[in-house]
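For reference, chains read A, B, C, D and E in written order, and residue numbers begin at 1 within each chain.
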Amino acid sequence: MSVDIGAALQGIHAALPAAKVAMRTNPGPSNQHSLLVGNESLVDVLRFLRDHLDFDLLSNVSGVDWPDPAKADAVAVFGEGEETAREHGFLEVVYHLYSTSRRVGPLVLRARSADRGENACVPSVVSVFRSAEFQEREIFDLYGVIFTGHPDLRRILMWDEFVDHPMRKDYVAPDDYEYEPTPHDDVLVKAKRHYPAES
Amino acid sequence: MNLFAAISTEPALWSPEWLPRLPQRLVEMLLGFLGAPEWLVSIAGFLVAAGTVVGVFLGGFALLSLIERKTLARIQNRIGPNRAGWFGILQPVADGIKMLTKEDIVPAKAEKFLHLLAPILIVVPAILALGVIPYGREWTPVSLELGLLFFFAVGSLTELSVFIAGWASGSKFPMLGAMRAISQMVSYELPLIISALGVVMVSGTLSLPLIVEQQGGFHLGFIPAWNLFTPWGFFAGILFFICSIAEANRCPFDLPEGESEIVAGHMTEYSGFKYALFFMGEYLGLFAISALGITLFLGGWQAPLPGLGFLPSWIWFFGKLAIVIFMFLWIRGTYPRVRIDQLMRFAWLCMIPMALLTLPAAGIWTILNRDGHGFLAWAITVPLLLIPCVIVTVIFNRRLASANRTYRFAE
Amino acid sequence: MKTGKPTRWVLPGLGLFQGLAVTGKNMVQSFYKKERMTTVQYPEERAPISPNFRNFPFLVYDKDPKAGLRCTACSICEKECPPQCIYIVLDRDENGKSLKRPKVFDIDLSVCMNCGICSEVCPFDSIYMDGEYELSTDDRFGGLLFGLDRLSKSAEYHMKLRPEQASEVMARRKADEEKKAAAAAAKLAKAKADAEAKKAEAEAKAAEGKGEDA
Amino acid sequence: MIPLLILSPLILLAAIGAVWMARPVHAALMLALTLALVAVLYLALGAEFIGLVQFAVYVGAVAVLIVFSLLITRPGDEAEEIERRPRSLVTGLLCTLPVMAVLAYTAASGSNIKLIPWQPKLSIAELGEVLFTSHAPAVLALAVLLTAVLIGAALFAREPDKTQDDSSEK
Amino acid sequence: MISDSSMPYSAPTLAPGADDDQLLHVSLGPQHPSTHGVFRMNVVLDGETVVSLKPVFGYLHRNHEKIAEGVTYLSSMPYTDRLDYICPLSNNWAYAHAVEKLAGIEVPERAEYMRVILAELTRLINHTAFMGFILGDMGAWGSALMYAFRERELILDLFEDLTGARMMANFMRFGGCRNDLPAGWAEKCSVLVDDYGPFLDEMEKFLVGNEILLARCQDVGQLPKETLINGGITGPMLRAAGVNYDIRKAEPYGIYERFSFRIPLGDKGDCYDRIMIRFLEMRESLKILRQALDQLPEGEYVNPKAKIRGFKPPVGEAYARIEGPKGELGFHLISDGTVNPYRYRVRPPSFINLTLLEDMCLGLDLADVVIILGSIDIVLGEVDR
């Protein structure tokens, strides 16, 4: 059963007038439109959805890297008369909520960080949904989104000493591939570049 | 030395009973022929007799390590080792070579000396314990008057060696394994000994050959007069079997080395030949405890049916041993492991009270049978022993009732 | 420990005996019931392999291993290959003109994950999945890097391996070829006709020119 | 006499080791060794029953219990132990003094004890009969004491559970 | 309804006043016999009681999502086989389902039936293997595992016949399946479905009444249903606790509405219920298989309009999920209109089901931890991706 996103939006507006929530349409055929939620009201909105609209299952939390904000707006399209496009790239967290009792979903929520650098912060929703615990850690690990209020924000898939965030679009794989003898010239050239001392 | 008071008489030379003692006799005859002093002859004979037992059971160990794998494989619908030699008969040799040539790894944190001592200490008591078992009518390597006591005294050394192994490895899984092993062995040694005490009460002796001899003959012409076929003996025999599973650290009581939880328990940090020694100690201990159970309850070397006495008695003994060990293997192939608290609760709340109950039953049985009231003995001991069975059944069923689950189905 | 009122009475340990019965039955039956057995004694007997079994890719050639290779080095498989284990170099003549055949076609079997996507995307019916599976070698790098010499297999091999697929492909190729031949013939005929027409025209022109000249 | 001469220095050495070892586990193992050697001495003296019982009870049970309690509690610092040694030595000597004094007194006033002549071996049956007839009160008293100890131990063992439950309820 | 106070997140710390000297810090894994691969738990034990448990992941991490962003849509399909390698065909379906949603591709009826048959066979494989694994975790010496694997082999033979590979099937395509059923396949499958019931009977006799299993599994690893839902637990684990939530019923994908089957629901949600629910689910799967095999229509096995080469879905995003054998398996795809996905995210059930592992294990024995981990039924290929 697909979700009546307009009703959910109205409900949020009625209960939390201060919350900044805007609808974004999905141009594709999947018909899964989303709600863009302001960071400051994200936890309240989720709690409201959980407690009053029965969206009790936070199925999925995805991180998305948008170095080019125009692309983000192409996937989640503005309604008319809304805020203008951002100038800088940002990191986005997408939440997919379902209701086990009403059996509807997914209700797609998006939260965006201010930028891709130091202010890549999104509030943690672990206090509302435990299922976000490991997924937020994963997004922190792979994208570098800092979830403020997460109880145990450590790397989860990469090892603790790892520095970069590998899922970012501008991530460059390090020079640590294993050399193996090969007859292929371009691989050899690459190997020479990586092991200048040996060649 | 009166410690080794000989009970058995010299076998007739033509008897097949004589066979296991052939090496001993040959050495003694040879030394006597050479004119060696008597003490030398007796010591040499003693050593050779001990060597025979050790040799037999080391061979048995090698064979069992193969048979166990074969049996478990069959239980699991596999074939088991069949590459080394005919039907994999050389597999133990291959295993032995592998074990011997493996690197002996001693953890950096280990206590070197104790780490070495533990595997030795675990083999020694098992071999010592095997020495007092009567294997045949004429074949008791060391016939002790206090054989049963000796068996338990020596067997208690196993706990200490398991502790040393666990502690000296300087690692956590061995430590956990040692803790489990000690608490388990101490708890199960109690019902083990108590259930064996009934036999002592009835036969009035601690000498194992005498205990076996008293189980000779047949009731009604075909039921062997083994202790197992008396009410208290049946009861105590089952308890003894369960406890011996726990004492031998076999599934479902193999917690000290529960591989799915604590890797290999006290043996985690052992490799190569030291590990092989643990393995050997475990199997020899299994042999010893099964042999004791056979001696106490299954009539030792006595033939199971009249008219079968033409076969040498030790064949019967080893036949029974094979059956008992097969039971161990079968159980291992079937059951999951119990948890430590369940194991302890089972020991203290079920095994020990029931074992204690066999003592009065055995006492009543002895007294009444001595006075010739055979029927009365049955009439009193059977209800006496049935009471706890009924209680256990009731408790079990009440618990099972709460354990039974019903499941709903949503359309 | 909670207790309840039992609805039916069972002997303690009944479940344990049931378990023993099941394993005992399995053990006894393992001696005479073949379908009970879980294992196959590998070098002597082999588990039956389905004719559809796929393992590593191979290249098909018709008749001649070099000239008859169907591959045109179009590099579609190279691009679609998920683990990027295919390496193709296009053969060119001295002038740098494409010869529409691979100079190098390597598949690193240590990387290949047997997915079969290369054979699916190939528009030239050139690459198919082999059923060979005993390919272990002690040379980790060279031994598992298959070049053209080891990858090329005849169309007959393909026919033997997967008769259904191969005959369908052959039929299609034959039809294509016939069509092509027909087209070529038609083209030839047309060219001839054109040429003749041109010739005629030229002749006519020439005649005209001659005439003009004259 | 020969076994005594061989065994007694060993027993002494092991006993000193039990006191002197810095690591508690080593000390406990040395204690087990001492007890085992004493058992061997009994056996050598012909007291088989007592020897085997000594082995089963002291080596098999008491030493194992000591060792087990060492396992479940974390022992103290080794260096501290070594530091404490002189004091321990003094305390130990002070403790042995009365025992030695008594022994010396009895040895000096040798007339009071007579050497028991070699008796025919006491069978276990006789031993049991003596225990349960003439010495029955003592055995009973011991049994009552042990039962009380057992119950007390069980009560003590249960107590931490209760406190834990309390704390979790809060 | 969950009030906030009932659900505070407390980072599990040691009890105040707990003497750290008396505690044993044990690292279970990554090379431990019963962590189902290279999983690690940093466990703090008091005696043998678990005081704290921290899972450590990532030993099998290969950044599946990053790889998928660099290759075409189709090229990710074989990678999904390697997520949960016990049941590749469910993964295939979940991914194909997501791409179909993203690009709006119709699936022909025959292909839908084939998918249902394959997914339910996969469920049988997974649950059968689970029985063997959990018995192994409990310390039984592999008998159950061998029996389970014998039956699993028969299903794998079917897969080999159909897809060409026993495990790494790579079979589903956007808009259908890769090839049609070979001749005689449906009949073979039908025979297998008929023979599976007796095997389940034998297995049930072997396991369910076993007192040791009852003692080991009952009242172990229970949590209230609200906590389970809140923790994102899905699949048999959730249903064992009595929550009626099966995506096949709640949000029927494919053609699941056409079949009559029931969702078994447990009561307590302990490890025993989890085992039993899987048993019952297998029987329901057999029912679905029987119906699907009987109704299997003729027709296209793949939508002919779906492109294989140069497949470019329109700009947009889609989240689609199926009821995998281990729980809710979802794929979140974002397309920017090129041949490569812009964002490819797997919602792995094994990974998220581990969220509440510590809560389940606290205060229990070390031996229980192993069983609880086994009853969650994880596959590290999916957890670490």
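Definition applied: a residue touches a chain if its C-beta (ideal position, glycine included) is under 8 Å from a C-beta of that chain, and two chains touch if they have at least 3 such contacts.
On a predicted model such as this, the values are computed, not experimentally measured, just so you know.
A.B. asks: In terms of touching chains, how many steps apart are chain C and chain D, taking the shortest path?
C.D. replies: 2
A.B. asks: Which chain pair is joined by more contacting C-beta pairs, C-E or B-E?
C.D. replies: B-E
A.B. asks: Measuring between Cα centroids, which chain is at the maximum distance from chain D?
C.D. replies: Centre of mass proxy via C-alpha means gives C as farthest from chain D.
A.B. asks: Taking all protein C-alpha atoms shown, work out their mean, then name the chain whose own C-alpha mean is nearest to it.
C.D. replies: Closest chain centre to the overall C-alpha centroid: E.
A.B. asks: When the centre of a chain is set as the mean of its C-alpha atoms, what distance in Å lies between chain C and chain E?
C.D. replies: Distance between chain centres, rounded to whole Å: 32 Å.
A.B. asks: In whole angstrom, what separates the CA-based centres of chain A and chain D?
C.D. replies: For chain A versus chain D, the centre distance works out to 69 Å.
A.B. asks: So how far apart, in whole Å, are chain B and chain C when each is placed at the average of its C-alpha atoms?
C.D. replies: Chain B and chain C have C-alpha centres separated by 62 Å.
A.B. asks: When the C-alpha atoms of chain A and chain E are each averaged to a single point, how far apart are the two points in Å?
C.D. replies: Measuring from centre to centre gives 24 Å for this pair.
A.B. asks: Using the touch rule from the top of the page, what residues of chain D touch 2 or more other chains?
C.D. replies: 72
A.B. asks: Would you pick out the residues of chain A that each touch at least 2 other chains?
C.D. replies: none
A.B. asks: Which residue numbers or ranges of chain C touch two or more of the other chains?
C.D. replies: Touching at least two other chains: 12, 16, 19, 22-23, 26, 36-38.
A.B. asks: Tell me, which parts of chain B touch chain E in their complex?
C.D. replies: So the residues of chain B in touch with chain E come to 72, 75-78, 172-173, 175-176, 179-180, 251-252, 254-255, 258-263, 332-342, 400, 403, 405-411.
A.B. asks: Using the touch definition from the top, list the residues of chain E that touch chain C in their complex.
C.D. replies: Within the complex, chain E touches chain C at residues 71-72, 74-79, 81-82, 143, 146-147, 149-150, 153, 157, 160-165, 168, 170, 178, 182, 202, 205-214, 308-309.
A.B. asks: Under the touch definition given earlier, write down the residues of chain E that touch chain B in their complex.
C.D. replies: For this pair, the touching residues of chain E are 24-26, 32-34, 45, 48, 135-143, 145-147, 150, 210, 212-216, 218, 242, 244, 246, 249, 262-268, 272-273, 276-277, 280, 365-368, 370.
A.B. asks: Touching residues of chain C toward chain B in the complex: what are they?
C.D. replies: 1-7, 9-12, 16, 19-20, 22-24, 26-27, 29-31, 36-39, 41
A.B. asks: Give every residue of chain B touching chain C within the complex, in rising order.
C.D. replies: 71, 74-79, 82, 330-331, 333-335, 392-393, 395-402, 404
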